[in-house]
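Same chain, two partners: chain A is paired with chain B first, then with chain C.
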Partner chain A sequence: MAEFSLIGKSVPRVDGVEKVTGKAGYAADFSLPGMLWCKLVRSPYAHARIVNIDASRALRLPGVKAVVTGKDFGGWTWGWMPATRDEPPVAVDKVRYWAEAVAGIAAIDEDTAEEACDLVDVEYEELPGVFDPEEAMKDGAPAVHDYAENNISVQYHWNFGDVEKAFADAYIVREDRFATSRATKGYIEPPATLAYYDPSGYITVRAAKQSPYFHYRHLAACFKLPLSRVRVIQPYIGGGFGGTKNDSLAGDFCAVLLSKMTGKPVKYVESMEEELTTSRRRHNMITYSKMGATRDGIITAIQHKVIADGGGYTAVGPLSLYLAGFGTTLPYKLDNFKYDGYRVFTNNPMGAAMRGHGVTHTRFAAECQMDMIADELGMDRLEIRMKNSIDNPAPGTTYTTINGVTLKTCGMKEAFRQVAEPYWHERNELPKKEGNISWGVGVSGAPYLTGARQMGHQACAAIIRLCEDGTVNLITGATDCGQGSDTVLAMIAAEELGIPVSAVISQKVDTSYTPADPGSYGSRVTVLGGQAVQKAAQEVKKQLVEVAAQTWKVKPEDVDIRDGMVFVASDPDKQMPFDRMARVACYSGTGAVIMGTGYSTYGLEPLGMESGYGNAGVSYSFTAQTARVGVDLETGQLTTQSFTIASDCGRMLNPLLAEGQIEGGAIQGLGQAIYEDFIMDKGRTLNPTFVDYKMPHSVDIPEMKLIDVETNDPDGPYGAKEASEASHVSTPPAVICAIHDAAGVWIKEQPATPEKIVKALKEKAKEKAQK
Partner chain B sequence: MKSIKLEINGVQHEVEVAPWRTLLEVIREELQMTGTKEGCGLGECGACSVLMDGKTVNSCLVLAAEANGKRITTIEGLAQAERLHPIQQSFIDNGGFQCGFCTPGMIMSTKVMLDDNPNPTDDEIKKGISGNLCRCTGYAKIFDSIRAAKVAMAASSDGRGGA
Partner chain C sequence: MVTFYRRLPKFDYLAPQSIEEALALLSRYQGSAKVIAGGSDVVPKLKRRAMKGIDYIVDLKGISGLDYISYDGAGLKLGPLATVRAVERSDVVLETFPMLAQAAESMASPQVRNRGTVVGNICNAVPSADMAPSLLTLDAKVSVVSEKGSRTVAIQDFFTGPTKTVLSADEIVTGIEIPNPPANSRGKYIKLTPRRAMDLAVVGVAVMVTPENGICKDLRIALGAVSPTPIRVAQAESILKGNKFSDELIDQVAEAAAEGCRPISDHRASAEYRRDMVRVLTRRAIRELLSDEAASAQGFGKGA
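Up next, the complex of A and B:
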């Protein structure tokens, strides 16, 4: 791509050396002199009234410095929207899920803090609990929150077109129940923080947060301080994927309060068992899906009733439920759509955001059901998708869905074309059966949004300062939690300024100095942050060009910068290396301060959560995927042999990083499809370890072939859109449709474990025998 | 408390440890070498992998007292001054990590694998890191990194990535 010197190139990560040498500092790697350790006392009940807490025995243990309970936070509660602030930092009067924190301890070391936890006497009065969201909605079910009638945390009712008429007119109508599992983000770095409440009234924390500005606001509100007295410094982040590391945890709040009480810095590192027991996991959602189609396989109507297990508090649930509805009108044309969504409180751990947020649940249902319809019509499963796919709008035009989602680019059809030959069509030439293994191929399509909106501000800004040695400081509020945004943003700055990436020095988020930014979620950083950086860099370039024009007594429009040189194209005598021109600017006369600022202007429409109408993001990515899977017909054991993934992510700014995102998203999706689920017993997570909560290991990985479908979206820097969340969403249906192709059984509840497959095969055999 | 001797990355250390302290805790907390990470603390994720007398161990499962007199290599001991080990360079060049938290352990496991078997097949590569969880990459670029590292190491003068 001659038009760019860096964009589109596989530039290695800017944080590479730090990460491969062990120098990158994550939250738990920081320590301060005199530091205390915090541990939490957690509830042994999923639903119970707290009658009394007596910490006197714990306080008498040598080395214990302070204990906090829920009451010490003065009744403050928090939540995602003003109307849903139902969560205290630490439980006050009652606990609503198993292992909810009820007290925090500060001691001289972690072992002492842990020992002291056992010495806190908490008197509970156990309450009847409710653990199934459909049971929780029934009259007379135990109430998790008094304010929520029938335990309904949030509900939406949207109706576009006329589904009743469409179903009446349809040649074929199917109704099925699908369910997704209790999957979790599964990052390897457990949440951690090092907090110091300075006696003069300033909070400084280093915390593992993918959205540090959320935490900044939570702490200021909780401790009733002006924002300027809260400083969140972002360390390296060991993976995010939504949910827990977006939000603030009991350990975060306790560490700050314990620091305030003791005057010492306090460190909190969650154990992986605590993380997996209490983490804000993906909502498991039940989708009752009704789909109608014509004899030719045109999908005419979808009606979804979704019931989401929200767990004990609201958290980000309103957005999860909204996204589960909004996404159903993509990536296929649809004239009639009805959505009734219910997020329900139970005494399970909280359901919250995770990669593929919301969309994954209903897309799984719709993709499987499309195959069922295609099979009944005797139609090829790829053909039904090609027939229904939204076309790529002609440049300058927009496609609008029935619920007001607008697309300027859509590579869905092209992506299907790319996986068709040879991957889809050659499947019949590959062996269908080898011993007990029956092979099948599945195909799926999925959308995802770029730049999810929240209810609050969308701010995304950048500051670039030119230094006198010709480097630039790049300052943004964006957090790289592994996705590579520090690298991509540095590339954008370097591209615009005509300098190498090594001349861009990126600063990590420090809420005292970096511009406010909601954080890293909803695939927003590359596009929104990228535009901000692009504008800031253009501003710096303009100022430096003006200096050059004055120096050379030419017009600014005659000066350009490329490959580290400032030059006048028409006059070979007028050229100077970038760093020298930077010195000219900084040292001439009074000396200039060259600094550029920019902010994103994308995605300013308000989010239509009640109406369900309008955009959820700035632009939309699309993925087509095939999966070849072998099913052992005796044991139900699966072999995932290959994935082909064609992605329209607008333009890949850095193919090495974008591919890594797509592959990582797909494999996380594979985990959700066939392995991952928390086994629950009355609110208690029975498998809170990485052995029992099985995630994909190196030996489980299929061959992956990636295909880039470039569409160049006008609403993204250099045409970029989201990468990875669509492949995360397309994987579970591709795999589960492949299982059906292989073994003739539909596994409508994720994950498709060997046990479920064997059971389905037995039922199928029984039905066959009865016929 | 027990006094133990550890040779870590060629440097002798003598530390007083409680009997229940793990090698990981001693490395990270007593000696302040935080390159080795704690993920699960139960030997399931491999983030804390270090070399003990040339073999990979989950340092969270090894009691410090058991490591008495042993030779330990951590991620900090791999690069020679400014010069990265070929495995480290290969992970950078091939996108073998994202968040980087599993990376120190992943690289240590790779080192043992390639030291034991300089020319592993793709299946052997998969098995060689099967004790190390990575949630970000989907492993594909880790496999690429290891394949490239084995070529780079074979080309080095001692066949093990040395100068």
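Up next, the complex of A and C:
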């Protein structure tokens, strides 16, 4: 393996200083002269027909410049796939979830726009709503969309091997119902946009999007403009985590249309309460899990029936439901697998993508059930995992699962080995009970995919332009929404070019100039964007080396660049600083324009969504985790004391950033495991603030020990795979299994709140008394 | 109509220089004026449009000398601008009324505690107000003035319902007086929250006990977040008073406290869980106060 100058080093973030000193500009920080403010009128019903909208009172309010309603978008609808384009920018004939937008206002300031919202008279005819996905599937349930029979938005039925035979032959079969919560991303930057529809027919927006090119396509389609007339400029992004910032929202569409109508720039900034009430959240999924095993604890079959609450529209739901099925055959060997997945329309806010997308729901079910089986067999919970875990394929070979997922590297077993000693095996030497607190340790394993495949455009691309002072412009379509990819991509360019990271200037996405890219979507940027940057940098290097070779009259293969010097290794007289060689190239003769381009080539196999067969990603990461949790047996309060996380993320390109991501993923998973859930009442979110939607605070975070299990995947730049979605997925089962170890109760519905724990303890005591 | 948090509504901001001037303003604007100190409760309520018809904000912060925390041997006096943080960090509070400091520390974030006041916390009068249970066990007295005169209200009589108090629109709370607790008494506030900090109380239990030779000379129990107002549970208190401490009696007290509250079910917890937790935490608080460690860590004594 070549020795690297930068790869594998903890290079500080290139944007860290700007961010912590408040100099980084986010979408809401931008203003334009003459700018208007957009606010949305939202429905007070979760399900209602819109009979009439009268905006005349609002339009008479001084300062109000325009009002748009759903009808003004000419019947255009959109969605993730051609077959699921069921979402209008603003509700047209009926509203399908509480606080869905029904009109947009543009006014001279925020106060006037807010006041005007109250003056739009909307006449509704309330319809019976349906809020429980299992109820929604029943005959006679209120129909959310006329086109969807029994409210089924998407369904998959896959059958690999022979589960029936496997269950019949199994020594032990368990059936349990598990559920995940309605969780949200919890970023601190709510959606925002500043839009200008130039009267000559160009749209320019600065918007908080982690996939700016999705937004660019939505705007072009909605406003019937060529893509080349839509310019989405990406500012700094304050967190993404999937879902909302991949997509376009009512406020985005209204701001553009209101700008078109008024000829003025229009700004829209969503309030956090609006965000927490209406925006795309993680699907809560119910998993009916049936698992069979031999007497020795070999898992022989899994059958999952998944019911996902899709809310009012389809959005990215087909992918969510697909991933919930696809992920079940990892990280353990499995010969028989059946999946029946249903995503169901309800009158709740939309279920969509979030970190750990899809996989988290069914992995939680399977990990808990594996423990239940191990307990019944009297087997150690780590041992059953070691026994079933997929082995690391020998270099040059692949492992293929029953549903056609191919692994070139798999550090799962090694990760389990790493958490075994001392964290798992020494757990019994730690105190089991201290006062009212009972301690327990849980263990879990989880996979995640790198670079979720797309239905359409898959590749990431990069352009690198050499400047005559020896710096380079790095131009990609990749979006750093906080994960640190701008730093990693700059490191890759610098590594390949033999220059310092500070000489690489990253340009943020501007759809008029940067290459199309899916953005931060499915853990793809470091691997696919990274490959593109690597290739572009290699091309620049090749061109510069040719200039050097001509200058020194040597062969190009004798020239190298490292640590800012261009040199001929065999001749110490032939060396020149990189910036001087850049000037030689730019100024000699006609002057060269040195520019390199590259695009990713990993993961080109299409998604087999209907068949469930084949790969969902480019490569697969793995995490083994233990969690030590204390349960107050009287109050149900939890103390999460420690996490040990062994991660196979291929090769860590920047350990500082990768570890930050892995820890962040785990903390977000902890929130989901024990705190986070939107409490709903007939489609209305009762806890739309961070007072009552509880995420872990710094003081709630356990001590974390991270272990790097390096596997060096061939399908990733320098061997990299995704980092942090796997730790996000492994955390909830590790915590829930630890609670069981501590208190002897299974909390099968996330989050494991103190109240649920107390209730379970009471029931257990009652059962014991009856025996 | 759906109203989320909005920009602040329009109002006139008034900054009187004296209590008299503030009272005159309240009297003049008859209910369309609202007093603020830290504003950490009022401002979000205004943004939420949960407080209607407020045309004037009367900010007390411009009046000097109202942030006092003073102790005169007979008791503690807190001014209306004494912040939660100041009470939490005050030497005299820590030494003489540690339960108050403990309750103060349990609230919100340091930033909010630097802004919000103890008087504001009780005037906001949510059932979960963290300062209330401790003040209830300490038999605090609230000084109230208006242009018509002044009065003193026992904290037990101060709260009249969720976010409601005995205060009329032209009155201002000018201070809280807290008499010395009984000699050898010890107090403790247990706040039940899902997270370790920056959470609202699901249940709050304040207990003050005065043991004497194994006999319970005095017992005071106050509960937060389990009734329309923070409450004392006299029935539960009476079970132990004058009797020898025993596990059985402590259990009976805890049971009576649980029966003495009227919790609701909401998105934070069910009534059943809240009631169960009153039982658990009342018992826990008494037991912890009786243990020797608790005596040294939480004990009163120097005050009387």
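Note that the second predicted complex is superposed on the first by the 769 of 771 C-alpha atoms of A that agree within 3 Å, B and C clash if a C-alpha of one lies under 4 Å from a C-alpha of the other, contacts with A are read in each partner's own complex, and residues count from 1 in each chain.
The working rule: a residue touches a chain if its C-beta (ideal position, glycine included) is under 8 Å from a C-beta of that chain, and two chains touch if they have at least 3 such contacts.
Only a predicted model underlies this, so the values are computations on that prediction, with no experimental measurement involved.
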Exercise for the section: Applying the touch criterion given at the start, work out whether A:G470 contacts chain B, chain C, both or neither, answering first, second, both or neither. Expected result: neither
Problem set entry | Which of chain B and chain C A:P732 touches, first, second, both or neither | neither
Q) Looking at the overlay, does A:G440 come into contact with chain B only (first), chain C only (second), both, or neither? A) neither
#### Entry: Touching partner for A:G660 - first (chain B), second (chain C), both, neither
first
- [ ] Go through the superposed model and pick first if A:G341 touches only chain B, second if only chain C, both, or neither.
- [x] neither
(Q) With both complexes overlaid on chain A, does A:H697 touch chain B (first), chain C (second), both or neither? (A) both
The answer to whether chain B or chain C touches more of chain A is B
Exercise for review: Using the touch definition from the top, say if A:S271 reaches chain B (first), chain C (second), both or neither.
Suggested key: both
- Query: If you stack the two complexes on chain A, which partner ends up touching A:A99: first (chain B), second (chain C), both, or neither?
  - Reply: second
Check your understanding: Is A:G317 touching the first partner chain B, the second partner chain C, both, or neither of them?
Key -> neither
Dual-contact residues of chain A, meaning touching chain B and chain C, are 111, 271-273, 691, 696-697, 699
Counting only contacts in the complex, chain A reaches chain C at residues 42-44, 98-99, 110-111, 114, 117-118, 271-274, 277, 436, 634-635, 637, 674-675, 679, 686-688, 691-692, 694, 696-697, 699-700, 753-755, 758-759
Interface with chain A, chain B side, in the complex: residues 20, 28, 32-42, 44-45, 47, 74-76, 78-79, 84, 88-89, 91-95, 97-104, 107, 125-127, 129-130, 132-143
Note: in the complex, chain A contacts chain B through residues 10, 12-13, 15-26, 28-29, 31, 111, 185-190, 236-241, 269, 271-273, 481-484, 656-657, 659-661, 663-668, 689-691, 695-699, 701, 704
Note: in the complex, chain C contacts chain A through residues 1-7, 10, 192, 194-200, 202, 266-270, 273, 276-277, 280-281, 284
